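Quick one: the structure is below, and I'll ask about it shortly.
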Amino acid sequence: MATVPLLNDEEVSAEALAVFDDIRATRGTDVINNFWLALAHDPALLKSTWERLKEVMGHGTIDPLAKEMIYIAVSVANACSYCAHSHTAAARAKGMDDAMYGELLSIIAMAHQTNALATALQVPVDEAFQA
Amino acid sequence: MATVPLLNDEEVSAEALAVFDDIRATRGTDVINNFWLALAHDPALLKSTWERLKEVMGHGTIDPLAKEMIYIAVSVANACSYCAHSHTAAARAKGMDDAMYGELLSIIAMAHQTNALATALQVPVDEAFQA
Amino acid sequence: MATVPLLNDEEVSAEALAVFDDIRATRGTDVINNFWLALAHDPALLKSTWERLKEVMGHGTIDPLAKEMIYIAVSVANACSYCAHSHTAAARAKGMDDAMYGELLSIIAMAHQTNALATALQVPVDEAFQA
Amino acid sequence: MATVPLLNDEEVSAEALAVFDDIRATRGTDVINNFWLALAHDPALLKSTWERLKEVMGHGTIDPLAKEMIYIAVSVANACSYCAHSHTAAARAKGMDDAMYGELLSIIAMAHQTNALATALQVPVDEAFQA
Amino acid sequence: MATVPLLNDEEVSAEALAVFDDIRATRGTDVINNFWLALAHDPALLKSTWERLKEVMGHGTIDPLAKEMIYIAVSVANACSYCAHSHTAAARAKGMDDAMYGELLSIIAMAHQTNALATALQVPVDEAFQA
Amino acid sequence: MATVPLLNDEEVSAEALAVFDDIRATRGTDVINNFWLALAHDPALLKSTWERLKEVMGHGTIDPLAKEMIYIAVSVANACSYCAHSHTAAARAKGMDDAMYGELLSIIAMAHQTNALATALQVPVDEAFQA
């Protein structure tokens, strides 16, 4: 149902296969999810996306689970069905339990609500909030 | 510049003033930001929004700073100028330093990028991601 | 601050001026708001937009004030600052009082909240809802 | 296909069941749609969402059918598939006929079109539109 | 799965059938895609949408393939699943090869990324960019 | 008015200054627009964003002006004020005249309109459009 066929190891270029191998090694699993199978039609885009994702999500000062929850928040706001599914699964794998998921949904719902109110009312930014 | 005048203590109803008092007490400050001054035109909406916000943001299993970063992520995706300003300021007040802010921006930018790719390609959801 | 200068009667083409005249006549005012002054750079786009708007908003089975409130709802969701301002003003001119505005904001805020929840949870559509 | 299993009466907590009972009583039907079955994983979120929805949609100065049409408008702008389906069904149940639905779609389409133009041109807000 | 049944030639009004005939003649094909079959419930909306689309997409100074790529870009940003599919197919039919598609996706992903950063940082518009 | 101060050559790190120098050399101008001055707080993010932008926009099979118009289309859909301004200026600099701009706006407006209709009606994707 994608706009391109999903490609497997036999069908991709050597450059794309190298990215697949790195995904498998980094994640410690044989399974590569559909997003990468679809991106494999353009090895350069596949590679730059994966490299940047690995860098952004892989280290730093923000807790890895918090990062996934931020990713879910963006995905929901963008109405990206695939992304909501895949990053919810990723957050679960990193330890998000039912209570945290409920709390995350509450924050996301709250933010959408107050965003709509601030935009509807066209509230001017407080001077104190400006750098 | 709002669609309604911002109301001060002298101009609001008793119900709205009670909410203002609770905001001041909860936050330990005399300043009430413009969002609440604009909402004060509808005391019931002001009250329900503040009560729910206090509940959602005030306790739970997710770290308070992580909550603010999730709020920023939603606000950016919704292109809410007021919200981007106010929640960035709130996150700063809760300890977000320059490194964390840069990292947060990197995650938000990354998520928008992959959201767009998944939507453009209409990637079907992996079975493994479905409950 | 627009991406094009706003054009006055002396600066526009004859085709655009005819649209300006129709706007004035239809609305019973001499003032033409900035949206049309900006669109006047492209008389064909100005004309088709105005003609369609007049048709869509000018008659039908939905109450004119309800139409403006629907317009506000879309404008808020699209984070269109100009549109939030102009259609809130238009709704006020058509009789929206403070109570109705507060109620409208409550519905808009509620809808954003449940939209976010349904999208986050990727709730499957009930069979009963499908045509 | 949701990110959580849909829960039935036997699977939910007592708090969630009480909300289910209230939904059934309020709507005069035995059927509870999937949105609530998914939210039931977090009884507090289920309860607060339902209570607020009942309050916002259940009474006031705006016509109930107009409220549903406003809800549809937001849902479409947010690209919420579930919400477009469920609120179109709700509007139908409240009397929206084919002519009104066509008219609603025309307004929604028109608003998206002019929103895009105003945003593209970055039209400055007329002074007359500011409170 | 639509909110309305899709109508075939035998089910539509004479006005809608005339639009169907024009779509067939203009596109040189017997197939009418689902979008128009759904819109046929409202012949006036069907007709105005088709007439405007034909005018906007059918001639002008921008290359027809570039127009389709612009259409894809909007559709992705709006998370419109149907539109992403239909306009990707249309762009393919107008000559978009794999390299161009990959490049288009790269631009779309890049734009979403920098849009998010500019919005998050609330960067003020440079004077040089204002008309 | 940004969430961070805009940094000049004297205030940025050596790594950020090297990016500034490359921007100046690549664009053949001494002026660096505000977006980069804001990003300079995080030299790594500045560098990766600029490097990727240069690669995506700088070469390939899609016409440079078409690329800028695609960028405008995304920016409008995301309601990014800064981006609408900066990429409209960039498209002007690459040769977009008034006729092309009007045509671009017409396509963008048309796409938003049909996107809204397809989403509202939840039109199922034609089999012919699926890969």
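We just call them A, B, C, D, E and F in the order they show up, numbering each chain from 1.
As a working rule, a residue touches a chain if its C-beta (ideal position, glycine included) is under 8 Å from a C-beta of that chain, and two chains touch if they have at least 3 such contacts.
Since the structure is predicted, the reported quantities are computational estimates derived from the model, not experimental observations.
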Practice task
Name, by label, each chain that touches both members of the pair subunit C and subunit D.
Solution key: A, B, E, F
Completion exercise
Shared touching partners of subunit C and subunit F are A, B, D, E
Completion exercise
Relative to subunit B, the most remote chain by C-alpha centroid is chain E
Practice task
Over half of the contact pairs shared by residue number: find the pair among B-F, A-B or C-F that meets that against C-D.
Solution key: A-B
Exercise for the section: Would you kindly say which chain has the C-alpha centre located farthest from the C-alpha centre of subunit F? Expected result: D
Problem - Centroid spacing, where centroids are CA-atom means, of subunit A and subunit C in whole angstrom - result: 34
Fill in the blank from the handout: Whole-Å distance, C-alpha centre of subunit E to that of subunit F, is 21
Completion exercise
Rounded to the nearest Å, the gap between Cα centres of subunit A and subunit E is 26
Problem - Of all residues in subunit A, the ones touching two or more other chains - result: 1-4, 45, 49, 52, 74, 76-81, 84-85, 88-89, 105-106, 108-117, 119-122, 125, 129-130
Completion exercise
Counting only contacts in the complex, subunit E reaches subunit F at residues 1-4, 6, 31, 33-35, 38-39, 45, 49, 52-53, 56-57, 60-63, 66-67, 69-71, 73-78, 80-83, 85-86, 88-89, 97, 99-100, 103-104, 106-108, 110-126, 128-130
Exercise for the section: Using the touch definition up top, name the residues of subunit E that touch subunit D in the complex. Expected result: 3-4, 41-42, 44-45, 49, 78-81
Fill in the blank from the handout: In the complex, the residues of subunit E that touch subunit C are 1-5, 48, 52, 55, 125, 129-131
Handout entry: Of subunit F, residues touching subunit D in the complex
Key = 72, 76-77, 79, 81, 84-85, 88, 105, 108-117, 119-122
Problem - Residues of subunit C touching subunit B in the complex - result: 79, 81, 84-85, 88-89, 98, 101-102, 105-106, 109, 116
